[in-house]
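Take a look at these structures.
Both complexes shown next keep subunit A, but they swap its partner, so subunit B is in the first and subunit C is in the second.
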Partner chain A sequence: MTDMTTQIQSLPQDGLNRGSLRERLEEPFMRGGQIGLLLLLALVFFLPVLGTLLTAVRTIPDITQNGAWALPSSYEWGNLSHAFVEMLPYLRASVIITLPSVAGTLMVSMMAGYALSRMRFQGRIWMFLVIVSLSFVPIHTQLIPVFRLMSDLGLHDTFLAQIIVHIMRQIPFAVLIMTNFFNTVPGELREAGRIDGASEWTIFRRIYVPVARPALSALIVLEFTWIWNDLLWGLVLTQGSGKKPVTVGILSFEGEYEIAWNMVASGAVVAAIPTLVVFLAFQKHFIRGMTMGSVKG
Partner chain B sequence: MNARLTPWLFLMPAILIYGIFGAYPIFQTFAISLTNQVGVAEPGTFIGLQNYVTLIEDEYFLNSLKNTGIWVIAFLIVPNSLAITIALLVKQTFWGAGLIKTVFFLPLALSFAIVGVVWGWIYEPDVGLLDQLLIGLGLDGLIVEWLGPEAATYSVIAAAAWRQTAFATVVFLAGLSAIPQELIEAAKVDGGTRRQIFFRITLPLLKPASTIAVSSALIHALLATEIVLTMTEGGPFGTSEVVGYRMYMETFWNYKFGYGAAIGVIVTLMTATMVVPYVRRMAKAQERDWS
Partner chain C sequence: MAHVTINQVIKNYGAVRAIKGIDVGIEDGEFVALVGPSGCGKTTLLRMIAGLEDITGGTIEIGGKVVNGLQPKARDIAMVFQNYALYPHMKVADNMSFSMQLAGASKEEIRVKVQDAARILNLEPYLDRYPRELSGGQRQRVAMGRAIVRNPKVFLFDEPLSNLDAKLRVSMRAEIKSLHQRLGTTAVYVTHDQIEAMTMADKIVVMSEGRIEQVGTPLDLYDEPANLFVAAFIGSPSMNLLEGEVCAGGVRFADGTMLHLSGTEGFETGRPVIAGIRPDTFELAERGLAVQVNVTEPTGAETQVVGQIGDTPVTCLMRERISGRYGDVLHVLPHGPVHLFDPGTRLRLGTARAALVN
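Entry: the complex of A and B
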């Protein structure tokens, strides 16, 4: 009923808006086709995730007898809990590495972004250019000397080495995001603080840090995911299993179980859960962060 | 506080940390690439450009260079065209758009390590998810040895493209949302056809989004290391190696630090040439903002 009325009301407008007669006739088919195509793409896109989840909760005989896509003949939740117990040291290491790295990145980049965005000084545009360029520096040009430096400093196979390196790697991107964000904050805030005689540090701490909350939440979600997901530094800078992050853990897990694909899938699920939860809970922040001038992914 | 010093005080932590652990190593890599250093214990002797000369004739390196070329071409085309299609379709759907978006964005939360492990299972011969799916659909004829010497590179690219498409979809959706709807409406009133509107309005206005999506694809294709490492370890017989992976292997597997550094330098130079246009655009925009 309501559909009818809206249709009738919008009819004359439609006649004006909708282009040629041919297009108007094609419209319903186009819509149907579009929706069909979108659903098909979504299904194909989701299949790897679905297949992994199915595999994780089955037994090997069940997979070989009934095929990988059949519904599990019995749900083996024990696979997941077993994988979790085995992954625990790696998960712990990832938490110990990731949280301080994110916090450090935020502090350092907020200060730098504030200076770049809000202060006029010689070499400012150059500094900005250098930072933009550095966000593209491949890890490959830093791996060897950093590995050597950390060995020389006696920091090889420590959490600290990984934390420092992650902060270093994330600085360019995070500074870029903070600079762009502070650019959008009205300058009057700072002027007001100045008139009141507040120092630059006080203005930063009391006015700009609280104002930056939306940018910070986006940055936290992104940095958490990226640092948590790193593999190469974790491989290069560690030796003992206690210091290896979960990305390295999943590889040794894979080596250990080889063709026990249900366990490998369980391991993958367990290893992916932290970033998945963060992503699903803060999807909006994540997406906003990515579109705030990002080139990573 | 001294007014001229203040900005640098705020920048100091970032400059110190990046300087010591990021910038200094970059120069060191260049220096190490001119030596024959083996392992970390002692520095090698200076051998000039010998490493680079050796590289030109190194079959493994040349093969990895060829594969990186394939990666770049495939990555420019596949994820970006898929993503632009998905973004346009999602934009026109009103129901369930949130859920569908989540499905397309999901791979972004997964590490390359996990993507590599999971897709390794997908490509497993006979019992793997892909072969089982094709058998189920009656398409057995399409089955090849996905991670065999012929197909491995393309299979790894497909897995990586799955993740890259997610990123590009985010970027293109944001780009589409930034296009004022009135513009499209106005074009419709003026009798513009769907195709005209797409090619003359939508596509040109997606240029900023495209720049981001394209540079991201370029960089990920040039640097692809982790996913090759976790899916094929460059195999079988080195057929799916890429330059980034070669660098890692020469350095941390064969302990040829000097040689590995030379590959690192080449990777860096390739990246540098690719991102110049992007950096230039950022600089221009910022200068406008600040002046």
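Entry: the complex of A and C
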């Protein structure tokens, strides 16, 4: 009985709303298209990674005979552990360079961002513009001056030189992010802090830094990846093998007459693992940091 | 507890003078509302008392001590912000005790004070929560708890209820008032809502464009507004202001109607005046002022008639249930005071009462 009535009721509707049929088809079609496109993009971005992974676990004759894309004739997992052992000094150097660089960048950018966003002083806007515009200076114009500067300072082939340069290069972006983040934090928090008896430093340290945790997580992931993956400064500012980062270390598998592609790939895989770990560790905050401005409205 | 004395205070923002020389005396334990339209300088004045804004000229005293040069923390005040300004990463208990932690109070002392404040504000179950886990009204109470814990000489409120919905606002209004009566601390309360000011304050300071228009108890302001601004600002719906001139035995309005008044004898005939009549004083009459009805808005207990006398829009609040339509004419007479103002100086001239109407 109820079936009958619903049928009768729905009949004329179908006749009237022919457009709705198309709309109903359109939705899954569009959705399918979107997913397909995303899958395609994901595949395109994953292919080089796949190639590297495949290359990393095969032998040199296998590579020369079958090319990079065939499945390995034998899986040489030993390549990875061999590469890891070979790369240990470089990994150590990268850690010594990257951690202080990230920490230094964050320290400077948090304080600068707080001051530029919250304190009113003469030339504030100009200072902000100058700092941010420094990121537009092409890196290539800085190579020779920075090299000579570090030589003159007696810092050539030291970790310190690389740390200083990384912090210098990363400050503009990090300051931009932190300033904009602190701009979204209500100014009343600072005033409430002042009334509660907090000094400017206490307000920064105990109110604004904890509130900035999502933005900090996002910055840590980005800065860690960028500094860890740097090749150029590692090449320019070092001489001996002791101070070179992993990115340069991968090149050590290039012999004079031949390149051990499987070891280069293994080295790349080993070098990529720390950035992956950092990303996974901060991933939740990272996503929140990226969407923060939009959610707050 | 302390009295607050504001003496010839001036505030400049660049070339703009936001506060133009203000004098207010606030007694010990008094609840004072600073009220006025937005941009009148009331919040600036409050922030100057708090020490968040510099004072360009004049002095502010708290408890007999000039505080012009003192940092906010040295002024012994507590402030409740419009958006609460709770520290989002701290639990309720830490939010309330942050000032004590900074001052180096002992854990035991902090615990006792936080418990006391939480009990007063019914916040005991929420001490372990973060601000984001609380409703708007609870956050508001935490903000007040933060102020209470400090046991300050003066409470400063900056439109604390304007982020709450209408119903909660009314109940929080009563809560703040009873809290003030229990604690007896001097309070300065900024609001743009004259009903809030009327219902809560011992004394109201009406401000406009950086000046004080009038200072007095809520009923003083209602019964004897010093000028047209206060007359129109205090009371809801606001006072009807009708232009006319003094004639023998009353006032004649622009449309020719005459209102017989007692109390206009002192004024010379032909003197232009503005007559202010509260909407709720009108009563239906056989003959009287002719109101052309635009709409009637029944609210049950009363009916609000929006119309015009001549070309002047008027509002009448009638006890009777009137079902007038557009174009109908009602005859009404004011049964309360008729306030007379000078159209030039906009100051109050006096009060008259309606007699008979011709």
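Just so we're on the same page, the second predicted complex is superposed on the first by the 223 of 297 C-alpha atoms of A that agree within 3 Å, B and C clash if a C-alpha of one lies under 4 Å from a C-alpha of the other, contacts with A are read in each partner's own complex, and residues count from 1 in each chain.
Heads up, the rule we're going with is that contacts are C-beta pairs under 8 Å (C-beta built on N, C-alpha and C of every residue); 3 or more make two chains touch, one makes a residue touch a chain.
These numbers were taken from a predicted model, which means no experiment stands behind them.
Of the two partner chains placed around the shared chain by superposition, subunit C is the only one that A:211 touches, whereas subunit B remains out of contact.
Using the contact criterion defined above for the overlaid structures, shared-chain residue A:112 touches subunit B, although it does not reach subunit C.
In the superposition on chain A, A:196 contacts subunit C only, with no contact to subunit B. A count of residues in subunit A touched by subunit B and by subunit C gives the higher number to B.
Once the two complexes are overlaid on the shared chain, A:164 sits against subunit B while remaining clear of subunit C. With both structures placed on the common chain, the touch criterion links A:264 to subunit B but leaves subunit C unconnected. Residue overlap on subunit A between its contacts with subunit B in one complex and with subunit C in the other: absent. Taken in their complex, subunit C has these residues touching subunit A: 50-52, 71-73, 77-79, 81-83, 85-89, 98-99, 102-103, 146, 150. By the touch criterion stated above, subunit B contacts subunit A in their complex at residues 1, 4, 6-8, 10-11, 13-15, 17-18, 21-26, 28-29, 32, 40, 82, 85-86, 89-90, 92-93, 100, 102-114, 117-122, 124, 127-129, 132-133, 135-136, 162-167, 170-171, 174, 185, 188-189, 191-194, 212, 215-216, 219-220, 222-223, 225-226, 229-230, 244, 247-248, 251-252, 257, 260-261, 263-265, 267-268, 271-272, 275, 278-279, 282-283, 286-287, 289-290.
The touching residues of subunit A, counted against subunit C in their complex, run 186, 188-189, 191-198, 202, 207, 210-211, 213.
Those residues of subunit A that touch subunit B in the complex are listed here as 16-20, 23, 31, 34-35, 37-38, 41-42, 45-49, 51-52, 55, 63-64, 67-69, 107-109, 111-112, 114-116, 119, 121, 124-125, 127-129, 132-134, 136-149, 151, 164-165, 167-169, 171-172, 175, 183, 199-201, 204, 225, 228-232, 235-236, 247-248, 250-251, 254, 261, 264-265, 267-268, 271-272, 275-276, 278-280, 283, 286-287, 290-291, 293-297.
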